[in-house]
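The two complexes that follow have chain A in common; it is paired with chain B in the first and with chain C in the second.
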Partner chain A sequence: MEAYIRGVGIISPQKTFDTEEFLPEVVEYSNNSLRCIEPSYKDFLNPTLARRMGRVIKMGIAASSACFKDSGIAMPDAIMTGTALGCLEDTEKFLLAIIENDEQFLTPTSFVQSTHNTVSAQIALQLKCMNYNFTYVHKGYSFESSVLDGLMTIAEGNGKNILVGGHDEMTDKYYRVCDRVNYWKKEMTPTLQLINSKTDGSVAGEGAAFFMLSAEASDKDYAKLRSLKFIYKPESQQEIEGRIGEMLAEKGLTANDIDLVIYGINGDARYDGIYNQLKDSYFKNSTAAYFKHLCGEYQTSGSFAMWLAARILKSQSIPPSVLIGENKHASIKNVLIYNCFMGTDHAAFLLSQC
Partner chain B sequence: MDKKVYVTGIGIISAIGDNVAETLASFNSLESGVGQLEHIASRHRGEIPVAEVKASNEKLTSMAGFSSDYKNTRTALLGIIAAKEAVKSAGITNIREFRTGLISATSVGGMGMTENLWMDYLDTTKSGDWLRYIESHECGDSTEAIADSIGVKDFLSTISTACSSSANSIMLGARMIKQGLLDRVIVGGTDSLSKFTINGFNTLMILDREHCKPFDGQRKGLNLGEGAGFIVIESEAAAKGKEILCELTGYGNANDAYHQTASSPDGAGAYLAMEKAFSVSGLKPADISYINAHGTGTEINDLSEGTALDRMFDKKVPMISSTKPFTGHTLGACGGIEAVFSILAIQHNMVYPSLNHVHPMPELSFTPVKELKKNQQIDHVLSNSFGFGGNTSALIFSRKK
Partner chain C sequence: MNELIDKLKGEIIEQLNLEDVKKEDIDNDAPLFGEGLGLDSIDALELIVLLEKNYGIKVANPADGKKIFQSIRTMAQYIQDNKK
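== the complex of A and B ==
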């Protein structure tokens, strides 16, 4: 199961949308909650419609539109997206209305838009695309499931160009709610110092990133997506390394063939040890990079990492802001992403230069 | 691709029973699960009928095999109960013997807890062990609770495509087996009632104040329900030597791309999903013995689905019923629950009645089955599930040849 990444579209807390440049500068955040730099939506949605929509729906529509444009594919053969929290803003709006008005005087708009599949559905609706349409909602495996489904659909011969993506939004209230179960750092931590943090918790993030997976190679391709593995609740470092080893062996590779590893390091003392052990032993010969100081921690952050890997492979350049240590490789052929959410949902992606 | 996907186990909990045996007994005695709300303190209690699982959360915790220290959402508990029954019925004693996955589905996940605790979550002066429920809000959390309770580790995922969610989890599991990614998968879905969904559907004015009557010319809407349904599907190699309940021969997924909530009048998406399911199965519409319809009882669904069925079956629609007057519309769980009903129909050669049906719909060529029918030859069952966002899915279950 392999596919070419023919196009991308991403809205993130960095300047990643509507720009040819690859992370020209870093936007630093110091309030422990990174929010997306949103485009003007008037090019993607009619203003009346946009006013009624939650932020994540608009981000999803704009980012997927950018992906269609970038890939030159106007009508995908299937649409599958991942979102752990769905349309949080609309969900909260309807929930609060129920509580405050004691289940009276409610209107349907926010309920209708609160369902997790709203973004996939709206993309289909805008394109009038009646093809296969799925929404995955499994925490740190939401985006990963959409990618797996995309690879599988291509392997089945059921489509040549598949839209996959991940999207999650953070709200002020949900930030506070998650803070109560120690998701975030208690002290304000500027994002560029995140990697040096020794305390528990991370900083909150969000984003919407879409990819056009294609069965056939083209001159637009960013990279080849070669493998994706889920490693649920690994019981030991040996288990993680064993599973990565199997994944590489299936492709005839070893750890030494991996030029760059992109880690989900998020400054959380509870979980960063997993990445650091891989970095310092199993992948000690590979160049190391990280990304959550750019996008924050969120369940579908794997989509930001996949965008980063794709851009690096296409441009053959690693932005200095993501490097940990020095770049040990003149050319980047194989990239591995290792990411997990809250220590449970681990995933590894393998991408190669086209 | 000619790889087969066999069903070897089923598990269910809904308003008509806590397990397969109780469910069959309710069908035999024509006992609907629709009644008044008991477990949720809603102002709509007594006004909007629902099909609630009778047990309290405490009772469900014990039924799920946990002590009272175990705290989880109703969605997770219902899922654990049904998934455990499915695993047991498949005769699985060592879950790690084969590469085994769990694919669940839900529409609201842990909302049933969130809606009661939301204001307390935001009030940092309050604290307690209820803070644990914060993490159970996410849809995937119930799936992980189910996976951990039965020991699944190789693969898990969760799907939310509104009311077609668990039909899609069954479809995904079948595809993964055919691709050789897994040997067996526990697939289905779980959803509990919540004020969120009751009020949401109420604002759309599609909740019947009486028992719902799918495919009736005077239908007034749906009754919400709750529950969970899981089935165990296995590759030929994994199922070798086991009792095979039936084969999952067809599946199809499409999008109506018509409106965020409403189905198209001609049921174009529904038609496409069924067409794909037939194509995967290699069967013809005439091969179908019974259709377990989505049949919610809303004005729009039944017209859209019925029109698509008339077109698909060239107005020669076989025996058809909606089981939602028994279980209510269990949203993210209905595809799993109705998969269990479809499998039981084949196993027991029976067809369930569509309760409360009186007046034929003038737009359609067919009326649903009104009595419980036994000793039927049921070889192929089509099960439809459609949802908000235009998501349409169809599954075909077949007697093993």
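== the complex of A and C ==
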């Protein structure tokens, strides 16, 4: 199962939306919660519709619009999105109204917009796209599941151009809830210091990123997505390395063929050892990069990593802000992303230069 | 009546999240639906809930809705006539 990444569109806590520039500067956050830099939505949405939409819906529509524009494909054969939290802001509004009004006076808007599949549905409505439309809600595997479905759809010949994406939003309430179960650091940690942190927890993030996966190559492609593996609750480092080895072997590659590994290092002392062991032993000959100091930790952060890998492969340049150590390779042919959410949902993506 | 109209405009802007609309932009006699503010059926439900929640008024007969929600003025008049 393989596909070409024909177009991308992303809204993140960095200046990534609708720009040719590739992370020219880093926006640093010091409050343990990274929020997206959002565009003016008036260019993408009818104001009458926009007034009912929560932030993540608008982010999803704008990011997918950028992806359509970038890919030159106006109508996908299928839309698959992944989200762990869905439209959290509207869900909170709706639930709060139930409590505050003692289950009376419930208005329809926040309920209608609170379902997890609202973003993919709104994208389809905007396009008048009646094709296959699916939303995956699988915590740290939400985005990965949408990509897997996209790859399978292409492999089975059920579509040539598939929109896949991941989107999740952070709210103040959700931040506080997760803080109680130790998702976030207790001390304020500036994002550029995250990699040096030795304490538990990470910093919260959010984002919306979309990709047009195509069955056929074109001169516009960013990269070739060659493989995606889920490694759920690995019991040991040996299991992780073994599964990665199998993944590479299926493509006729070894660890030495991987020019760049993008790690999901998030400053959490409980899990960063997994990445550091890979970096220092299994992939010791590969250039290393990380990304969660740019987007924060969230369940669909793999979408930010895939965007980063695609841009690196197309531009053949690694932004200094993501490098760990020195760049060991003059050209970048193969990139592996290794990411996990809270130590349970591990995933590896393999991308290659077109 | 003018005070009620002004208050109602503020409540509608907030309830329907009419971000770019100011109170002075809303004509007291302009249609709320279709033209004018361009509201739709979901907004109608929001307005029904607004009447019940803020003024204790239940619109018992849905057929009355068309008349009640004709404009800001007709809405205010209905509130004035039926407020408990």
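Basically, the second predicted complex is superposed on the first by the 354 of 354 C-alpha atoms of A that agree within 3 Å, B and C clash if a C-alpha of one lies under 4 Å from a C-alpha of the other, contacts with A are read in each partner's own complex, and residues count from 1 in each chain.
In the analysis below, a contact is a pair of C-beta atoms (placed from the backbone, for glycine too) under 8 Å apart; a residue touches a chain by one contact, two chains touch by 3 or more.
This is a predicted model, so every value here is computed, not measured.
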First (chain B), second (chain C), both or neither touched by A:Gln122: first
Chain B versus chain C as contact partner of A:Ser236, first or second or both or neither: neither
First, second, both or neither for A:Arg51, with chain B first and chain C second: second
First (chain B), second (chain C), both or neither touched by A:Pro108: both
Partner, of chain C and chain B, that touches more residues belonging to chain A: B
Chain B versus chain C as contact partner of A:Ser331, first or second or both or neither: neither
Overlap of chain C and chain B interfaces on chain A (superposed complexes): 104, 106-108, 112
Contact footprint of chain A on chain C as seen in their complex: 15-20, 38, 40, 42, 45-46, 49, 52-53
In the complex, chain A residues that touch chain B: 1, 79, 84-86, 94-96, 98-99, 102-104, 106-108, 111-118, 120-122, 124-125, 127-142, 145, 148-149, 152, 155-156, 173, 176-178, 180-181, 230, 232-233, 299, 344-345
Residues of chain A that touch chain C when the two form their complex: 47-48, 50-52, 101, 104-109, 112
Residues of chain B that touch chain A when the two form their complex: 1, 42-44, 106-107, 109, 111, 114-115, 118-119, 121-122, 124, 131-132, 134-135, 138-141, 143-144, 147-148, 153-162, 168, 172, 175-176, 178-179, 181, 195-196, 199-200, 202-204, 253-261, 268-269, 272, 387-391
